[in-house]
Amino acid sequence: MIDILFYILSTITLGSAALTLLSKNPIHSALWLVVSFFSLAGHYILLNSQFLGMVHIMVYSGAIMILMLFTIMLMNLNISNEVQKPFVTKLVATVAFCLMGLIILSVVMRGTEIYELQYTTHGKDFQSVQVLGQVLLNDYVLPFEMVAVLLLLAMIGAVLISKKDKTEKTA
Amino acid sequence: MDTNVILLLLLVPLLGALLNICFGKKLGNGSGIIATLAVLVSFIVTVIAFFQVNTTKQPIQSDLFEWMAFANFKVSFGFLLDQLSLLWLLFVTGIGTLIHWYSTSYMKGDENYGKFFGYLNLFVFFMIVLVTGSNLLITFIGWEGVGLCSYLLIGFWHKNQSYNDAAKKAFIVNRIGDLGFLVGVFILAFLFQSVDYMTIKESLMHGTNHQINTWIGVAALALFIGAVGKSAQIPLYTWLPDAMAGPTPVSALIHAATMVTAGIFLITRLNFVFDLAPQIQNIIAIVGAVTSLFAASIGLVQNDIKKVLAYSTVSQLGLMFMAVGFGAYEIAVFHVITHAFFKACLFLGSGSVIHAMGGEQDMRKMGGLNKFMKATYATFLVATLAISGFPPFSGFFSKDEILMTAFHNNPALYIIGSLASIMTAFYMFRLLFLTFFRNFRGTQEQKNHLHESPASMTIPLWILGILSVVGGVISLPGNSWLNNYLQPIILNNAANNHHAFGTIEYVLMAVAVIGALIGFGMAYSKYIKKGDIPQEDEQITGFHKVLYNKYYVDEIYMKIIVKPIYALGTFFRDVVEVALSETIFGLGKIVDGLSLQGKKAQNGNIGLYLFAFVFGVCIILYYLFIAS
Amino acid sequence: MNITILLLTLLIGALATYFSGKKSAAKVALSFAVIAFIETFVLICQHNSGFNADYSVEWIANPNIHIALKADGLALALVLLNTLLTPLIILSAWGKHIEKTNIFYALVMFMCFAMTGTFLASDGFLYYVFWELALIPIYFIALLWGNDTFEARKKTVFKFFIYTFAGSLFMLVGFIYLYQKAGSFMLYDLYNLNLSSKEQYWIFLSFFIAYAIKIPIFPFHTWQASTYEKAPTIGTMLLSGIMLKMGLYSIIRWQLPIASDAARELMPTILVLCIIGVIYGSIVALKQVNIKRFFAYSSLAHVGLIAAGAYTLTTDGLRGAVLQMIAHGLVIVGLFFTAEILYKRYNTRLISEMGGIRQQAPKFASAFMILVFASIGLPGTFSFIGEFNLLYGLSQVNLWYALFGGTTIILGAFYMLRMYQKTMLGETNSKPFADIDKTEGIVLGVIVICVIFLGIYPKPLTELITPSLVEIVSYIK
Amino acid sequence: MENVIEIIGIEKYIYLSIILFCIGVFGILFRRNAIIMFMCIEIMLNSANMLLVAFSTYHQDAQGQVFVFFTMAVAAAEVAVGLAILVTIYRNIGSIDIDKLKNLKG
Amino acid sequence: MNTLIAIGVLAVLVLIAEIINLRKMVIPMTVIGLLGILGYTVCNISVVEAYYNNMFVSTRFSNAFSSLFIALTIFIVALSNDFYKNEFTKIADYVSLKLFLLMGAICMVSFGNMAMFFLGLEILSITLYILCGADRKNIKSNESAMKYFLLGSFASGIVLFGIALIYGATGSFDIAQISNIAVSTSLPVWYALGATMIIIGMLFKVAAVPFHFWAPDVYQGAPTLTTTIMSTLVKVTAIATLYKISVNLLHQMPESYMNALIFITIITLTVGNIMAIRQDNMKRLLAYSGISHAGFMMMALTALGSASPNLFYYATAYSFAGMAAFTVLMAVCKNNEDELISSFDGLGKRNPLMAIVLSIALLSMGGIPVFAGFFGKFFLFSQAIQNGYITLVIFGVINSFISIYYYLKVIIRMFANYEETNREKLAVPALYSIIGTIAAAIIIVVGLFPSLLLNLFN
């Protein structure tokens, strides 16, 4: 049951990810990506990380993708007028994709043969919101603060780059 | 005392040289006087020293200071006045004084009058160094020093580039010999841990090591090459005829009387070394004999008065080498001395002629000068008789001794020597007849100008003429003063085991005289009786032409040595240099080209960068995880 | 006297010259150079009286690097050459209009400083630092004050710099390797290392590249002629007179004692190279049309012989090398100065456009002639002493080397006299040629006097250097 | 749901995320529309997130999930800045085709 | 740790100053503040301590590098005054961004946990994306920002994937723990794969070949001050982090890792230098030279664990030389469209001080003795030889003289006596002159007394 679910979700994830980059219309791509993110959230929930799954949906599908859609619409890119890459480039891209996938996969597969998987539950709670909160705000408080710094500077930066200043308007 | 004598001997000419070179312009005519006096002082010192040594039988020796030090030996700046060096000094300074005196008139009016005497004095200085050096390296200073002066004096009229060529040639050819000299020094120094004559002699006298004999042979050969260069023997003789470009007194002093005999001096000095290398002695004798014949044959047809004398000098030097080669050092020395007298006389005489002719040297333009220049003619005649070997002139004795020695040692060489002597007589009388007899063939202007030279020129001529006549007394057959005198120097003295003076010797003498007469007769019949005048250059044909062009030796040397070197120079400059430079800096060009290609590859396309990135990752992963 | 004073004098001299302004720069530089010469003289006197002027203080603790100076006879002799030539070189441009005079002379003084340092340093690292430092001023001197168009000389000077720099980097690698072995850069620590023959082989080669380019030894000489041609004459004098001696000195001081087995093993090859250089340089010189290039090739021939002498590994060869270094330094500086005088008067360096000067300028002609004859090793000049030592050293190894090396005395005479004939002799030139003036006279006079005096009485120098050489040879054995 | 890793196996998750990652890479190589490329980068980051969560469960350790939070923040910041840059480019050249950005080369 | 906090506080103060309209105070305040922080850090250089549950670990290595970063930031902030003259209203943004960048850099060398490493990396990168694109009306600036952003986030993705894999293998983000686990037990291949991916990500940051393509383009397009930051501060940070990561992750790796690293080092050296030869843009030239310097610094990876003083020395020498060079570049090219090398023609006449500063900087980079760059190379070569990597050293040597070639080309142009370049004197803001001189002085002083820096490590 669970493994069927896993396979279905995986298919959706991979399929929608592939469609994201194969769609000619950027809006379609964005929507396919949302689908992909939702399926990933499904994976998270499958892995019993409900909280993370929800956060994921909120941040990615809710914030990031909306931002992207806004941008796409702002630039009026809904009609695909993108010039396609030449065929050779596409071929090479495909080759690169296959090559990289094959190499990494084969590395991992060969590795797992040697490494015997052991899995024993210790039964402790490790993924409830409470535990996550504790870990995040006790052990990981410094990175947490750094994330704050990161977001602050991203904000400053985004404003710095995209804000039109008054002199420009008058000019 | 000894040191002072040596210093006086050396420094007076040096001082004269420096004075004349530095202040020649200011001294004016005084420079000639200063120079002559300087040499005269040396001569007087030499005479005093000569008598001292002759009485005490002890050489005067002085080491001034340590000059060079090597790992296994030291070279001191030392001088040695022994019988041999004094003998040389006597005629060097003696004839030197005369020639200086002669030059005061000869060179009068030259713009570099002072410098001329400066160089002459410098030459005398170096010649003194050469003969008095107590070791090979001091001798080498003199050896090269006289070469330097020879260079300076041959090219004295430096505005004429062909004279400069001659000077250069003289120096360079001499240097070939000098390399031989140096190699000889290296071997001797290596063998004996010394370059000092006395020390080498000592160590040779006490215990000869047979193993070193081959090396001694090599050393002797090398030193002989040095002598060949300096004394103008085959194959390095070509510079001497060209050296006649210098002022005539120079030819007399340097290229006839003194410097060119340095080779004989060296070999005599090192007789103890050469005695150990019989094969080399053989070579020396052969080279000497061949040179004498070869040069004499060229002399037969030359028309330049000085060239004839030059080839004659080469030829006479050949005879001396022949003597040296037979181990008859004292005979060679004897001939050196007599040769110095008569050849100096001949050169100065020819100088007088040239002076009178206003610089003309071609005998075809002369003739009948005996009427105008009595003193010159007389002395010239005497010297000619001497060189041709007519008794009782000095040349007869010395030449005869050489031929006699040759006859005893190697009859083939005797015949060659005799032939050379006959030729000598012929060309000398040819010279005499063409110059002084019959009618004057020059221009009217020259004829009006003809005059006897001033006393300062004729007196030296007379003195030398007299010496040419009586010079033979120092080594009369049977009772040779010279042999006894040189006994301490020459280990293997011919006086000790001299062959008996018998019938055969008288026959040989007679043969020699007849030979001289034949030469005289042929010259007489051709140039007096028939009244031949040598042909113009372009009319000369056949073997005569070969002779006239000196067997084309100069041309051959030019073709096989000088030209290839130049060609090589051009080749190196234009091909090898460029190629080397290109190969080494070509690497730079390759890098530069790579850079250009790289610049093209970096085309600004993000896609490309990403591809590179991804492929880079793939390659790294492949290498790390799959390949290994 | 402390040895560092000498170095400081030169360094301060460089700075003082820079700050002295354009008008007095030459004077300041000259006075400091003369002071340095006097100091060197004092040092040598002290050395002769047994005073040990070695100096050592730690510079960097890890890696173990010292500011170590060794003032033995060998080093002092070369320092003497350096400090004697520097004032002469400065004098040689006396009164000549030079742009940015202060910078120019400051660079000259700085170069003198660096070269002195190279000769004195006994810590390999310090030595390397000085070695490289000497390269920078000459680069700028040649580049900014050189002849020909800027583009042309840029290319040449560039090649020179890169080439020599490239060579010396390999030496640096060698030094680093040695340091790893010895844990120190100090001269004696390196001498006492026990290196395997393979290590020695590589060390030797890494040093050899640096030195062969600097000296230069055939076939590494391709930078030489064009750089000499393009550099201003002062630069050429510094290069040929002193700088290439750095390479030769280093062979003796560093390369041979450290990698002696390799030196012995490779000796035939290197001697052959050196001797090819002698003959090759002479023959190429014959066909040169530019007088500075001509001297450059003559220099190639001479230093080839010097290098050959050094590589004989005999005391005599080494002594000859050192003596000839000094002799060659003096003579080549004199010769380049004559080239400069010729250029000043005629505004050309083409030999073919000269000639017929001797009568017009007898003093100049005489001085030039003495230099020419000194250059070809006439006995009585200092070069002969060196050359004889060298050839004798070579003959001890193998007579053939001496014979082929000795061709220099024939070929040298050949090209030198040919050049002299073409430049000085012949029909009096229609162009006027002023005889030398006072400063020119001083420069040439000092050189001529030194060359002749040392040719007759070389003992002070020989005694100065021999103990050091004997010591070095003892390390080689 | 307790032992989802046990049932499915951690390696499957790894394969999944690797493939997802490679799809992201492929997209970046494949497209020249900058905004799609942004999306592909998001896919890559998400594949890593996926992996982190899977390993977090596998190790029964909360740190992995905490790390995912940070990643999300980073992704958000990146996207914000990236879109800002994209907007300025669009303002300047009226296109977001990265192949038109070829002024800098050589 | 206090350093990091203080910088954060300073950054916030800068933002506050903007709000209360004290823009003129921003730069002096920042410089003074940073000087204080620098003093504090240097004084506490020997403090070895872990903070916040091992998130932030201060060691000699991290303290020394932090000090270097702070010093570089001081220079950069000081340069901002004249550089942003036309955009003075945004000065607080710019300065605070630089301070954030500094925080990121310090996190990267002091991290004790992968989270800190990753966040530091991202703070650094994102700030740079912003700074690259800051000159937004300039299409080149946009382009460079875009290129950097795309490639940078791609690299971030790889790093993150690597971190995830390592986490999978070890179950920890703590670098010390990971290191221990890696030594003590045999790990699945994920670990090696993860480590490789992280290192690849860092190789991208240091612009090692073949991940170097972005560097010249981005350097050229970015505002010059940003380029300065990238080629000094960021490059040094990246290399220090690479070193630290390698030390912690790469021990007991098979020989092939070292081979790969050495190979990458060699091609980085070579490609960087060869490409630099034909450049006619000064910024590109410095970018390529920066690539080759990265190669030199990567030599430190041949002696993991013992090379930190050498690496630090080289990093200092290189970054101050870069600082000096870029200061001159800014002074010379401030009004030019392009930073062509030809704009340096005749600088020796137009402004001798700047010409000398640039010459010193370039000669130092080229490795001419007494300048710090030489000793840097020397130490690295020396250590590589010690570890037996002679091939590497030989390539280093060959590259040294290739690099001299193009450095000299610039120097020649400055001192050339071109007639046509007899342009008027170049007026340079006083701060530029001061900063250039100080940087040059540091190069020389550090060169003459290398122990000053080397002793920081013992």
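Labels for the chains are A, B, C, D and E, by order of writing; each one numbers its residues from 1.
Note that in this section contacts are C-beta pairs under 8 Å (C-beta built on N, C-alpha and C of every residue); 3 or more make two chains touch, one makes a residue touch a chain.
All values reported here derive from a predicted model rather than from experimental measurement.
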Each chain counted as touching subunit B and subunit C at once: E
Higher-contact pair (C-beta pairs counted), B-D versus C-E: C-E
Chain nearest the global centroid, as defined over all protein CA atoms shown: C
Averaged-CA centre spacing for the pair subunit E and subunit C, given as whole angstrom: 43
Where subunit A and subunit E are represented by their mean Cα positions, the distance between them in whole Å: 30
Subunit B and subunit E: spacing of chain centres that average the CA atoms, whole Å: 77
Distance from the mean Cα position of subunit E to that of subunit D, given in whole angstrom: 27
Residue list for subunit D, restricted to those that touch at least two other chains: 10, 14, 21, 24-25, 28-29, 32, 49, 54, 56, 58, 61, 63, 66, 70, 74, 77-78, 81, 84-86, 88, 98-99, 101, 103-106
Residues of subunit A whose C-beta touches two or more other chains: 85, 89, 92-93, 96, 100, 104, 107-108, 110, 112, 139-140, 143, 147, 150, 153-154, 157-158, 161-162
Touching two or more other chains - residue numbers and ranges from subunit E: 115, 119, 122, 126, 129-130, 133, 136, 145-147, 150, 154, 158, 189-190, 193, 216-217, 279, 405
Those chain pairs that satisfy the touch definition: A-B, A-D, A-E, B-C, B-D, B-E, C-E, D-E
Subunit E residues touching subunit A - in the complex, by the definition given at the top: 8, 15, 51-53, 55-56, 89-90, 93-94, 96-97, 100, 103, 107, 113, 115-116, 119-120, 122-123, 126-127, 129-130, 133-134, 136, 145, 187-190, 193
Of all residues in subunit B, those that touch subunit A in their complex: 607, 611, 614-615, 617-618, 621-622, 625-626
Complex contacts: residues of subunit D adjacent to subunit A: 1-12, 14-16, 18-27, 29-33, 35-36, 38-40, 42-43, 46, 49-50, 53-54, 56-58, 60-63, 65-66, 68-70, 72-81, 83-88, 90, 96-97, 99
In the complex with subunit D, residue positions of subunit B that touch it: 599, 602-607, 610-611, 614
Residue ranges of subunit D touching subunit E (in the complex, touch as defined): 10, 14, 17, 21, 24-25, 28, 34, 37, 41, 44-45, 47-49, 51-52, 54-56, 58-59, 61, 63-64, 66-67, 70-71, 74, 77-78, 81-82, 84-86, 88-89, 91-93, 98, 101, 103-106
